[in-house]
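Following this line, the structures themselves.
First chain A sits with chain B, and in the next complex the same chain sits with chain C.
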Partner chain A sequence: MDLRILEKNENSMRFVVTGISTPLANTLRRIILAEVPCMAIDDVIMIENSSVLHDEILALRLGLIPLKTDLDGYNLPEECTCNSELGCNLCRVVLTLDVEAVDETRTVYSEDLVSEDPNIVPVSSKIPIVKLAPGQKVRLEAYAKLGRGVAHAKWQPVSACAYRYVPTVEIDKDVCDNCGDCVDVCPVGVLEKTEDGVKVVNEFECTLCEDCVDACKKNPAAIKVSGNREAFVFYIESTGALPVERIITEALEIYKSKFKEFANQIAVIRNGSEKTD
Partner chain B sequence: MIGDKWEEFAKRVKAGEDAGKVLDDLGVKRYCCRRMLLSHVEIIDEIVRFYEKGTMEKEDVM
Partner chain C sequence: MNEGRKMQLKVLKKTSQELKFEVEGEGHTFWNLLESVLLEDDKVEFASYNVPHPLISNIIVSIRTKEGKKPEEALQEAVDKALQRGEELNEAFIRALEELNK
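Showing the complex of A and B:
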């Protein structure tokens, strides 16, 4: 297996993995989407809400604000020893919001949320939550907890997570008459028309749409597009809750523990059947 | 994440800038993100207006 990072920004990463199967690539994708935990506001206790938004809509908006997550400092509520409904210091963070518009209409932003843990704060300070007219007030307590994407999309640590096959574009020089139809039809500019025939200039950007193959007047077409089924271009974009590297390593840890659990189950079944024999 | 980009987008489009260019500028690439901002109608402004008016009238009476 070979890993090559193509591009890495603060919150996103594009990389190529070679030598894994499609099911494994898809497993990684699905674990990242559904199993890697992150923090999000779950329970909200309204003390006062005279804004134009109903309590439940306000709570939904709060839930969808991405929070910076500290995975090592907190337990998942279902795995925590406290067993309490609203959680304990090890499995929840309380954020309070206490805003009143006095003289003029004001917008309540994510930065107005006051967290008891300085590490668990909204990823961005400028997310509008609600607008308050003069005299309107919002006072509430919000309980942020770790959760998984299977339960609600607010617990997904990524805003995009996708993979595709590494593309190969081949042109049969003996057949190609350099008409340029395929160059014009390509939406991502993979091909270029030159004096000595059509050239592949940007192979990596190919999305395997095969428009170029359809555009070719030759039969069979002079151009062949194929995906390498053992090499994948991954694109992962974090919401900012966790660094991309942490999301990937966490996903692999989860995969490992799931596999171990599976092996244990098989061992139990095997031991059981031996006894009945 | 697009949650914190609405206000700048709305302000700049209102000032006459081309919506597509503002989105490019904000780094909103995918069309599913772009349509969220493009097609959004800020209804809360329409509703909050009545409450603003209400307080003003109360003040007038006093």
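Showing the complex of A and C:
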């Protein structure tokens, strides 16, 4: 098993893993999408809302604002000992919003939300929430909680998480007549026409669309593209709620706990007596 | 699906070569991988999971093994293998991160 990071930015990462199976890659992807927790506004108490948006729409828009998450400092509500509907200070953060447009039209932005915890704030300050006309007012209290993507997409820590096979592009030099049709048709510029024939210059970017194979006039085609089923290019883009590397390590931690939990269940099977239905 | 909920298991059928159980708390994320790992074993004749209804997370898992290995042993080995691969992946990732930060 080998892992190489190709690219890492503030909120995204691209890496290649070789020597894993498709089910393992898919499990990792599914855990990242649905089971790595992050914070989002879940309950909203409206004190006053004279804006044009209904309470429900406003609450939905607040829920969809990604919040910077502190996974170590907070509990998941279902695992918290408080058992309270609105949570305690170990499983929720209160954000308040109190904005009034006095003389001019005013847009309410995510930066207007005042959090009780300086670490749990919207990832971006300029996410518009609602536009207020003079005299309109919004006052509310929002409860942010940890949750998982399986319950609602607002708890997904990633905006994109996908993998694809590592591509291989091969040209049969004996058959290729260097017509260049495949070069023109490639949408990502994998091929280049040279005097010595068509060359593969950017193999890694190939999306396996096979347009080049269709464009080839030879039969069978002089060009062959295939994906390596044991090597994957992962692309993960965080919403900003958690650093990308934390999302991956957290996902692998969840992976481990899943199998550990099932290992305990095997003991239940072992101890049971034989039975037939 | 009730993924992420506590696992609950009920044995439906158990003989020395065959095992069938109903399990709650995990979905395709977990079972698709475990099924594929089970099938790598030559001694496993058949392994499959079935989701009777997409909105209810009671999953039926069936395993049949060849003589010389009990299904629960095959399961245990598959779980260990999966755990080991997860660990390897974790180590590979941490190593790659360290290399990047050098």
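Throughout what follows, the second predicted complex is superposed on the first by the 273 of 277 C-alpha atoms of A that agree within 3 Å, B and C clash if a C-alpha of one lies under 4 Å from a C-alpha of the other, contacts with A are read in each partner's own complex, and residues count from 1 in each chain.
The criterion applied here is as follows: a residue touches a chain if its C-beta (ideal position, glycine included) is under 8 Å from a C-beta of that chain, and two chains touch if they have at least 3 such contacts.
Here the structure is a predicted model, which is why all the values come from computation and not from measurement.
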item	value
Clash-or-fit label for the pair chain B, chain C on chain A	fit
Contacts of A:175 with chain B and chain C, given as first, second, both or neither	neither
When both partners are placed on the shared chain, which of chain B and chain C touches more of chain A	C
Which superposed partner A:252 touches (first chain B, second chain C, both, neither)	second
Chain B versus chain C as contact partner of A:263, first or second or both or neither	second
Which of chain B and chain C A:31 touches, first, second, both or neither	second
Contacts of A:105 with chain B and chain C, given as first, second, both or neither	first
Touched partner set for A:23, first chain B, second chain C, both or neither	second
A:130 touches, of chain B and chain C: first, second, both or neither?	first
Closest Cα approach, chain C to chain B, once both complexes are overlaid on chain A (Å)	24
Doubly contacted chain A residues - partners chain C and chain B	none
Footprint of chain B on chain A - complex, ascending	52-53, 64-66, 105, 107, 110, 123-128, 130-136, 159-160, 239-240
Touch list for chain C against partner chain A, complex	1, 3-4, 7, 9, 11-16, 19-21, 23, 26, 28-30, 32-37, 72, 75-76, 79, 82-83, 85-90, 92-97, 99-100
Residue ranges of chain B touching chain A (in the complex, touch as defined)	1, 3-4, 6-7, 30, 44-45, 47-48, 51-52, 54-55
Residue ranges of chain A in contact with chain C within the complex	1-5, 8, 15, 17, 20-21, 23-24, 26-28, 30-31, 34-35, 148, 150, 245, 248-249, 252, 255-256, 258-263, 265-266, 268-270, 272-277
